[in-house]
Amino acid sequence: MKVLAITGIRSEYFILQPILEEVQSRENVELKLIVTGTHLSAVHGNTYKIIENDGFNIIKLESLLSSDSLEGRCKSIGIQMMGLTDIVVREKPDWLLVLGDREESISTATVGTYLNIPVAHVCGGDRVVGNIDDSIRHAVTKLAHLHFPTTEENGERILKMGEEPWRVNVVGNPSLDSIRKQPDLSYEYINNKLGINIKEDEPFILLIKHPLSSEISEAAEQMRVTLEAVSELGYETVITYPNSDAGGFEMIGVINEFVQKYDFINAFKTIPKDLFTNLQRKAALLLGNSSSGLLEAPFLKLPVVNVGNRQKQRQHSENIIFVTHDKEQIKKAIETAIRDEEFISVCQNCSNPYGDGYSAKRIVDTLFNTEINQRLLNKQITY
Amino acid sequence: MKVLAITGIRSEYFILQPILEEVQSRENVELKLIVTGTHLSAVHGNTYKIIENDGFNIIKLESLLSSDSLEGRCKSIGIQMMGLTDIVVREKPDWLLVLGDREESISTATVGTYLNIPVAHVCGGDRVVGNIDDSIRHAVTKLAHLHFPTTEENGERILKMGEEPWRVNVVGNPSLDSIRKQPDLSYEYINNKLGINIKEDEPFILLIKHPLSSEISEAAEQMRVTLEAVSELGYETVITYPNSDAGGFEMIGVINEFVQKYDFINAFKTIPKDLFTNLQRKAALLLGNSSSGLLEAPFLKLPVVNVGNRQKQRQHSENIIFVTHDKEQIKKAIETAIRDEEFISVCQNCSNPYGDGYSAKRIVDTLFNTEINQRLLNKQITY
Amino acid sequence: MKVLAITGIRSEYFILQPILEEVQSRENVELKLIVTGTHLSAVHGNTYKIIENDGFNIIKLESLLSSDSLEGRCKSIGIQMMGLTDIVVREKPDWLLVLGDREESISTATVGTYLNIPVAHVCGGDRVVGNIDDSIRHAVTKLAHLHFPTTEENGERILKMGEEPWRVNVVGNPSLDSIRKQPDLSYEYINNKLGINIKEDEPFILLIKHPLSSEISEAAEQMRVTLEAVSELGYETVITYPNSDAGGFEMIGVINEFVQKYDFINAFKTIPKDLFTNLQRKAALLLGNSSSGLLEAPFLKLPVVNVGNRQKQRQHSENIIFVTHDKEQIKKAIETAIRDEEFISVCQNCSNPYGDGYSAKRIVDTLFNTEINQRLLNKQITY
Amino acid sequence: MKVLAITGIRSEYFILQPILEEVQSRENVELKLIVTGTHLSAVHGNTYKIIENDGFNIIKLESLLSSDSLEGRCKSIGIQMMGLTDIVVREKPDWLLVLGDREESISTATVGTYLNIPVAHVCGGDRVVGNIDDSIRHAVTKLAHLHFPTTEENGERILKMGEEPWRVNVVGNPSLDSIRKQPDLSYEYINNKLGINIKEDEPFILLIKHPLSSEISEAAEQMRVTLEAVSELGYETVITYPNSDAGGFEMIGVINEFVQKYDFINAFKTIPKDLFTNLQRKAALLLGNSSSGLLEAPFLKLPVVNVGNRQKQRQHSENIIFVTHDKEQIKKAIETAIRDEEFISVCQNCSNPYGDGYSAKRIVDTLFNTEINQRLLNKQITY
């Protein structure tokens, strides 16, 4: 059996990674991983090197145009689909494995559909408002042959869209697998590695903020407001760069301004996974609009301040405070997350719909037990 | 207002054509039509010339690889998407208009989604079994911003998939518009134009048969069985070539064999629309697996013998007999359609869920009355 | 050592084939062959299967658009170059090996130049008038790192263009290697295999005619005039289809007309190499404008009637009569080639600048003895 | 008459610009300009905006992959060629106009060759050692239909390569046209615009340094050595960023380090042309390896210190000192250029093979007087 997985961006890879490890641990299976999109871009930190270091057999596919425009991103999908077809024809995989709602999910699902190769899709059925990701994710659901949603609610949504029940498997969020398995690191070790200055007895902020496709022109200003709030409070802050969506370049510009001005604000293109997980465990709160605030934070009992429209109306737990791009609101929410005993207690006991950190095993078991036949390949809507 | 439509194949163009005519008839609107896919292929009859003759402002986009393999078709989508992005960026249309479930529908819907340009999709919500077209069509529904299904049943299906009700407009099948408007032609005129020999008092067969993506290796044999039935019965028969899907080349090979052997079997790469509509009106039956047997035949009260799995489980009227690829079954069904008074009477009175031949007006009215704003562009699933 | 060769069309492959065999026969070398262009096109006979049967390790790269237009051919080069880059990055060859003056020669030479991988070019320095091939061939010479011209004259031309002398190796025409090695076949065997009717004591014509890029609109008429001459004379005639250049489709249409009308005219999409070589050996003459009339016929002492501007001003021997597209001229030249004792004697004793049928060994020896270093990669013009 | 020009990078555009202005000033001519490559990349300063501001009718063509690898650059050519073909088919220009030796020159020349549209090539025949640019430039010469070399020596080289004499027109360097026409600006104006601090009575350095394709891995270190020399001398220094070739990203990293450390070192992604020309006029010397040191500096009598292998063996005047990447050598040469009366006097009186600043008129006159016919399109090598 041969599995061909694909990844186009760091954040996606980290969710995929425990599944890939699980596939690799099985017998009589060959795994190859196409790395494409931002992974091969120097501006985005050449993150394919992380994947190589993790020991996977990668196939490089350059696809990302050097452009922060929507058209650059869109044309890149065509480039990706051309190369992807060549690779799939050559590799003849039994399964295509893809995750989420980015360019590579729609291109892979389309290629699998046309080439009659089954597509397993992880993290479908989710709902996020104010973003084209929703359209893409649901379109991928209508193309994919096997669904691995993370929560019961997402699984229900996939069924309502007309997918046959035997194709839908709720498995939890695989990124919790890698959090679960990550060893604890000391403050000293982290500080040395990153050149920052976090301490056990002083709260620090972890900040991740991405642009919205519907609010591109405001991206820089949104980052500025957030950083003004942070800079006025003065807590040690660790930022990771936004993704490569339109607007991202401008946000990085603003980040660099604040980094030069304030010693306690630190920014990184990318943070190694082991360090990042330990920052999540040790941070007083996660600030911004990262999906990890909804998907991973409840497992870690980490308070979250979510700024703006990204992640709104998405399934979440009680550990999260939603605020708008208003400096005072942001400041107040940060202080609540750090100082308010009651809210902190709510977070400690929050519910977690995203599973127990054993998703990868469920996915790979199902994948290996699914016979590849006409029933799998010929999709039928249930109504 | 500027509308950018796209078409990749003759059959699709003929459904789109009345809508394009209606758009063109309105004031203060600019219409351009991207012609791509098989339209620019000599092997497929360079059908872009038909479109130029119809007086539309076309933009050529070469995309179809010279290959009858699945991978050629798949890679062509990537090529199409790259060129499409360049064109959309340059044309800056207010609307993208696309139809059906072929390559250009998924590429256009993806491009519209990423470029924040609303996509109007005609003929969504349909259900056909045993074909990847279903997956593509439903994926396009999840991407498109405005839906124009042909029947109430298809409209219902779109709603169930979670589309917001205000986006869904049941309009009937636009191909009935052009059938309605097509003037009657005499037998003599048709015979002269095509070099065939049909007569008012002798039944003749119209045969259109396409390959199925899930039964490619059987395509040639399926065509052979059908033509053996036809050749044994000896009715005058008019064939149009299959589309360019994998398997099509082999089917054409078989057709040519029979054409050389039997005088009463005639085949054409393509038949001009005016002649074709009159053949539909005058034929004793439509044989094969063309969608026009379901979509157009009830409007014309034309009996249909549908061979094989294509079109099965799809919404249809009482004028259709379904048979398998069995020579005797096919012969018997043809004779029923030609000789059985009762069945012929059922056909004369069959129901027609596909509308009244005034779809184009409904589509264009809605298109022009829809404000292009964030509500239109930000899709929300209803559950 | 790893050699990555590329081929895009049947005619080119047959010249390349003895070199590939020689490479494969050496120790400690890995050979892969990219098959692209017309090789993967059903319309052109899916000739990649011949190559697979010959036992080479192939990598498929779909690139040819289904179009007989110049723009289709041109856009295909871009598609080819994208895929080629992906493959070269993945394969990391020590050498790229390419031949002649078609799309794959310029795309491969460009890719090798930008990726700092040495390109060995076979058949450079040649001169043919009235064709864009000349421009492409000379441009490839300015990009390639090692040159294997077939004749002294061609080698001289490369030196004049400013190439360093140590890069230029005159080796003869490799297609003579495979002619030399091909076993003799009987008339009966050939007739049985091809369904034709050639006889030892009756002269027959071998006809190969390609379109010219500068005379596309006349291609069909040129073929018609040639076939009218042939049909009036009545000799058994064996035709192979023209290549896929613009104009080729129309020529095939004309060929099919004559095949249906005259029993003694036979046409084939492609003829297996062993049969073709024996047809070359046994034919009374080669008619048309194939380069084999110049490159291979002198080795075989085969008379040639070259019709039109293709091959004009190209280095040739005494066995060739040049005529224009005039029916009477063509008829007269055919009769001369078949009946004129003096001309036949000239052909028997004609000179042969294209070598002795041992080119492959020379090429591969040189390739293996050339060190890959900065001197090889940094080209310097000699003036 | 319709001219379609193409540009892919700022430096190239500035040479092309006076020609475009001259074309635009003529009657009965339509000019469009394809902007591609780095012009559309945010990382490279979105320089297409400069071109829009200059009032040209542009067509955007995204082609540059976000990669600093050789393969990214190479694959980008394929992307460019695909889009270019689409555009040329749509625009149907009478002439393609391209300049120099970068990706767009080879892609445009190839497209023009295959589409039978004449290509006018500016700046051919030049010779630079240690760079793939030479191979590309000479290959473009073998494809182009009309040549506009800048110097007599370059024209001679084109003739030796076998180009027909009537195709070769020595016109001088067009970038001198725009230098000639640029108005003088005051120190105050320049300082205000750029936020720098240059003074009439204090020498300052203009520094431009690009990576070499054959020395990519040393690019960062080469920049570091150069900047160490500069920082130890302490003269006000104005740097413009290197181009997007492989190695460029690393050089920018080093530049940013020095900018943060030393107040007198200033760096800019791009400097408006009017300011840049005045910096060239006022600087004490040009440092680095920019081609403007050879091509423009003699016209301006500007001393040059050229560091490393780029530009070596290229035709140059007496105003240039060649040094290796050795800090002490660089420091000494800078001091010579600033302080050595004798050398400064040599520079004041240096020869200038690159013309008088009236090249554009010559090019456009020739272009308009050249009939487009078979003689122009059918290239013949002269030997």
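Per-chain numbering from 1; labels A, B, C and D assigned in written order.
In this text, contacts are C-beta pairs under 8 Å (C-beta built on N, C-alpha and C of every residue); 3 or more make two chains touch, one makes a residue touch a chain.
Just so we're clear, the structure is a prediction, and the values are computed from it rather than from any experiment.
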Centroid comparison with chain C (C-alpha atoms), farthest chain: A
Contact-richer chain pair (by C-beta pairs counted) among C-D and B-D: C-D
Gap in Å, rounded to a whole number, between the CA centres of chain C and chain B: 42
Length of the line joining the C-alpha centres of chain B and chain D, rounded to whole Å: 53
Rounded Å distance, chain C centre to chain D centre (Cα mean): 40
Contacts with two or more other chains, residues of chain C listed in rising order: 60, 62, 71, 75, 79, 82-83, 85-86, 89
Chain A to chain C touching residues, read off their complex: 59-62, 79, 82-83, 85-87, 89-90
Sites on chain C touched by chain D in the complex: 70-71, 73-75, 77-86, 88-89, 106-107, 109-111, 113-116, 127, 129-130, 132, 134-136, 138-143, 157, 160-162, 213-214, 374, 377-381, 383
Chain C residues touching chain B - in the complex, by the definition given at the top: 38, 40-44, 60, 62-69, 71-72, 75, 79, 244, 249
